[in-house]
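Chain IDs A, B, C and D follow the sequence of writing; residue 1 opens each chain.
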Amino acid sequence: MPLLEYLANGLVFSSIIVLGSIGLSLIYSIAGFANFAHGDTMTVGAYAALVTFGTVGGLGGAVLGLPYGFFVALLVGLSAAVVVALVTERFVYKPLDVGSIGLLITSIGVAFVYRAVVQIRFGADFTRYGIQAVRPIEALVPYGIRVTVHDVAIVISAFVLVAGLHVLLQHTDLGRKMRAMADNPDLARVSGIRTNRIKLLAWVIGAGLAGAGGVFLGLFNQLAPRMGFNLLLLIFAAVILGGIGSVYGAMLGGFLIGMINQLTPILSDIRLLTDFGAYLPYVPDSVGITIGIEYANAIAFVIMVAVLLVRPNGIAGEAV
Amino acid sequence: MSESEFEFDDDTETSADNVVLRVDDLQKRFGGLVATDHATFEVERGTITGLIGPNGAGKSTIFNLISGFYDPDGGSVEVNGVDVTGAEPYQVADHGLIRTFQTPRKLEGMTVREAMLVGPRNQPGESFIKLFTSPGEVGEHESKSLADAQRILEEFELDHLATQPATDISGGQMKLVELARAMLAEPEVLLLDEPVAGVNPTLRKDLAEQIRRLNEQGTTFLLIEHDMEFVMDLADPVIVLDQGSVLMEGPPQRVQSDPRVIEAYLGGGT
Amino acid sequence: MADASTDGDVPPEADADAEDDPGYWASLTVAEKGVVAFIGLFAALLVALLVTGGLGPAYFLYIVGLAGMYALLSFGLNAQWGFTGLINFSVAAFFGIGAYGAALMSGSTSPIAGGFNPMYGLVVALVAAAVLAVIIGIPTLRLRADYLAIASLGLAEVVRLVILNQREWTNGSAGVRGIPSFFEGWPVLSTFPEAMPGLEIVVIPGSPILLETSFWSALLNVALVLAFVGVSYFVLKRAHRSPWGRVLRTIRSDEDLARALGKNTYSFKMQSFVLGSLIMALAGVFYAHLNLFVSPGDLDPITTFYVWVAVILGGSGSNRGALFGGVLVVTIREGTRFLNELQVPVGISPVRFVELPIDPAPMRLLLIGVVIILVMRFRPQGVLPPQRELIWPSSVDESTPKTPKSGVRESKAGDTDE
Amino acid sequence: MSDHVLSLSSVDSGYGEVQVLDDLTMHLDAGEIVCLVGPNGAGKSTVLKTAFGLLTPWEGTVDFHGRDIGGMAPEDIVREGIGYVPQTDNVFGSLTIDENLRMGGVARSEGLGEVITELYDRFPILDEKRSAKARTLSGGQRQVLAFARALVMEPDVLLIDEPSAGLAPNTADEVFEDVVAVNELDTAILMVEQNATKGLNISDRGYVLDQGTVAYEGTADGLLDNEEVSKLYLGG
């Protein structure tokens, strides 16, 4: 029964999606638009880590099968994503005089620029960090769970980052200011909150989490210029599922979408539209859709749309 | 209005003849908040009925429920004797009920005249097919609409604004344009949501006169208004809403002197 | 149509202007002048390239065909986003459905049908696109604008995945080959390219321009796309300035207002969505018969964003803007190919290209990205935004007794009818 | 130069390209309540927005305690000692009452707890609902919270935009009483009010604005008694 393994993989993949979706949701509620460059911000983080790891390499000992150098690379990847996002905010979004839809469209242009630059520098092919692959954790194999210590590291890191954000939002003045600004930016300004700083902070946190998510995505799968863009739709699905603009909804949505995505193999025995060819001329009788893993993303989108039909504001559906 | 639009069952219910809008036991909840709590009232044909009540009494919610913008949790709405509970706004409009909004809605990139032309209902030119199968009919109707729009703008003394961009006129003028446009839809009953909120005293008088004039020509009005002077002067009867249900209704003098109303709403100052 | 001169109370300067009859050029806005100048220069450049042999005539016509295709896609998106404000990020899906509908009906390697007259392919493609539009529209058209963007992008991805993975329907990544020309089976036209003699035109001695069979078949393609573009432009122009179009513009500005005035906005949005999707599918049908090969790569989301660039560049809500934007995007797309390539690509369509020293894909991506950012920064309303009062043409003159004292911003006197 | 707390001199201002204020001059003295009345579109709210840095004056000066604050950002003007209560959306609906008040004091370096405690004493209705989300408050209670939020900074001047907008008449009366109570804390108040008569009734002085400039000025009673003003602007 591979179910446990799927669940374990789901947990790992969810961690990455959650890192992406929190940032997307935060930027939506504070900067006020759906940022289509968010996926490519993850790519930037991953490639920055690739370059760093190539330079610092093994660097001393290792934690959870990951050399210290990897954590240096993680920090650099995270920081690179933050820097790139801040530069973009300053020179692209800030001078714009358009509404939220205009910003959305602009962010697509930004996404293309990020991706094009990565592709021009690194080529379109897949690549990996030079980290030795590790064997699944022995103790869990008897239960049918094949996860590596790297996977565990991803989950733990994501958990630490998310818990940190929760403490920040709920128990610090900075977090309250962020919530105030998400609630009513004009009033926040009138109350004396330096809203430009809060907006920058949202970009820092959002892009930082995305950068970290990108680094982990590279570790979980591999790196490619399209990696972030390909994940973007899943992240959007997660954010919408949780209720766009709600950070806690994004966590829940990210968890669900990650799980659903990795649990798709369970569905592979199901055939849709089986034999429907028998009712149509010229169509072979055997035609039908088998839900294979190639439809993992498609299922997430279909679920997203189905949720929107029933609950237009998502599952959580409340601001921050 | 074309006769065919109203061949429903207004013959079967003779008592409905005089009642153009009937709200029966209407309920609406938002989460834990009860916005409309078993509200029941009727609007008689030919009246200007005022709907007043403290802030949060659920006046706008009732408008949204009647006009089809919200679905009620219980109760029913009848327009012209036809049950329109849970119907879409355009279906409610089909039975002769049109509404306006509290904040004037401006149409980007349109002139006032174009914005007016959205008003007439069932224009043949609104059918994509007819644009190609019977362009003559479309053109004829469009000419008629244009002439009607021009006439109504003149009646409202707004014709000098006809070719101004709709985004360039003042909020008060927009309120008048909205009323004028709603008239192009030839409503039997018109719901006005705070028609004079944010309108200066001079335009306020214009609006009152226009409403009275249109009422004399046969349009029934239901209006929400906070300006007591305006509503008490214009409306009869007045319905008082409190906490989502009808506190009382009656002629303005009786409402103004009712102790319950003073307690809940008017206070000592007025 | 300077009816300003018929009006007595215009200020003297305006009268003088009207009497001078400034002519077409002076009546244009700055942006319009720029566009006309650009088109003139561009045409001159193309002619120069053609004459000097820098551009093969068949390839030139292929580019014209592509430009027509992008113009169609831009029209389709303009009918959705420009008219109604629907953010459709599934342009590539409708384009793909059109292309696959045509290919699967007429292509010789089609796993389903194949070998039918392309006219059947056209009909099937349009029906399939309409059905898909309704299926995508039902859940998404009730949503907020940015939700529609995300949902439509997701659903487009579902369509792409199905076409990529359902090999027994679509051949999967192998694509469909052996698609005939659109006029296959038609009298006269089907044999027209072969029947035409090869011509050799010498403008500059030593570099003759050869007009061969490939040229004549490309010419037919251009005629086909011009017909598609012409019909679409006519339909959209009429629709845009009709009461129907007015309701769409009201929805774009304020949907609740349209609802309150008794318009069935969901139905109008659906009509606009289906109409746009049909035009996009038409572009796909044309593409299948231009390229004679379709593959899942044609459904890449990048196509969607090319078209978005065309529409926002041209000016949302403006048909001539969409036309201009479509042409410009092909220039960018093919220009990046062209810049990296010194040899002229030759061959019967599909035109094949030599392997390039630099991958043009990321360059193109970069360029498109930069163009989007620059347009939103410096001219968010696009180059040719709609600017005239849109009222059914025949009604304006007879029903308006007075000449506008001041028209819509940027509009010109007497320009309510072009 | 003068003992005006706040003064606007020959100010032109507006939105984008549209000019609203035209050579407007007015002032506010310590401890006063001054009411701005006039027809819609006369520029009443624009005066407050220009004084508070939400709009930058095109011409002229905005003087606070002898210092030109024209064009300073609102978040800095708050720190100078001016508070602003917008007409609508003037509370953070998804934050608790307590959090709303804390947001009012983000610019305070010390004494936040004490000020908030004082405000709770003064407005018991807020005390009762400390940890309730602000969106659960009624219209009148919201207005009180909005005042209290602005008072956390203990401003010398409070700018209030249409305190009675959208309120039932008796609630509006209560809110006007609160305005007077706030004024008694030594806070000068510049208020815009659509209901001119009620607004002037609680004010010391008033300005009648028309087309972006001052048409009449005087004591509140004087304006109320002025027949011309009453006929043209007060709807009497």
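Please note the rule applied: contacts are C-beta pairs under 8 Å (C-beta built on N, C-alpha and C of every residue); 3 or more make two chains touch, one makes a residue touch a chain.
What you see is a predicted model, and the numbers here were worked out from it, not measured in a lab.
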Taking each chain's C-alpha mean as its centre, the one farthest from chain D: C
Centroid spacing, where centroids are CA-atom means, of chain B and chain D in whole angstrom: 34
Chain B and chain C: spacing of chain centres that average the CA atoms, whole Å: 42
Interchain centroid distance [CA atoms averaged], chain A/chain C, Å: 34
Contact graph of the chains (line, ring, star, complete, other): ring
Interchain pairs in contact, sorted by label: A-C, A-D, B-C, B-D
Touch list for chain A against partner chain C, complex: 33-34, 92, 95-98, 100-102, 104-106, 108-113, 115-117, 119-120, 123-124, 225, 233, 236-237, 240, 244, 282-284, 286-287, 289, 292, 294-295, 297-298, 300-302, 304-306, 308-309, 312
Residue ranges of chain A touching chain D (in the complex, touch as defined): 173, 176-177, 179-180, 182-184, 186-195, 318-320
Touching residues (chain side chain B, partner chain C) in the complex: 67-69, 88-90, 92-94, 98-101, 105-111, 113-114, 117-119, 121, 123-128, 131-132, 135, 138-139, 141-143, 145-147, 150, 159-160, 162-165, 181-182, 185
List of chain C residues in touch with chain A within their complex: 87, 111-113, 139-140, 142-147, 149-151, 153-155, 157-158, 161-162, 164-166, 168-169, 305, 308, 312, 359, 361-363, 365-366, 368-373, 376-377, 380
Chain D-facing residues of chain B, complex: 33, 53-57, 170-172, 197-204, 226, 228-229, 264-270
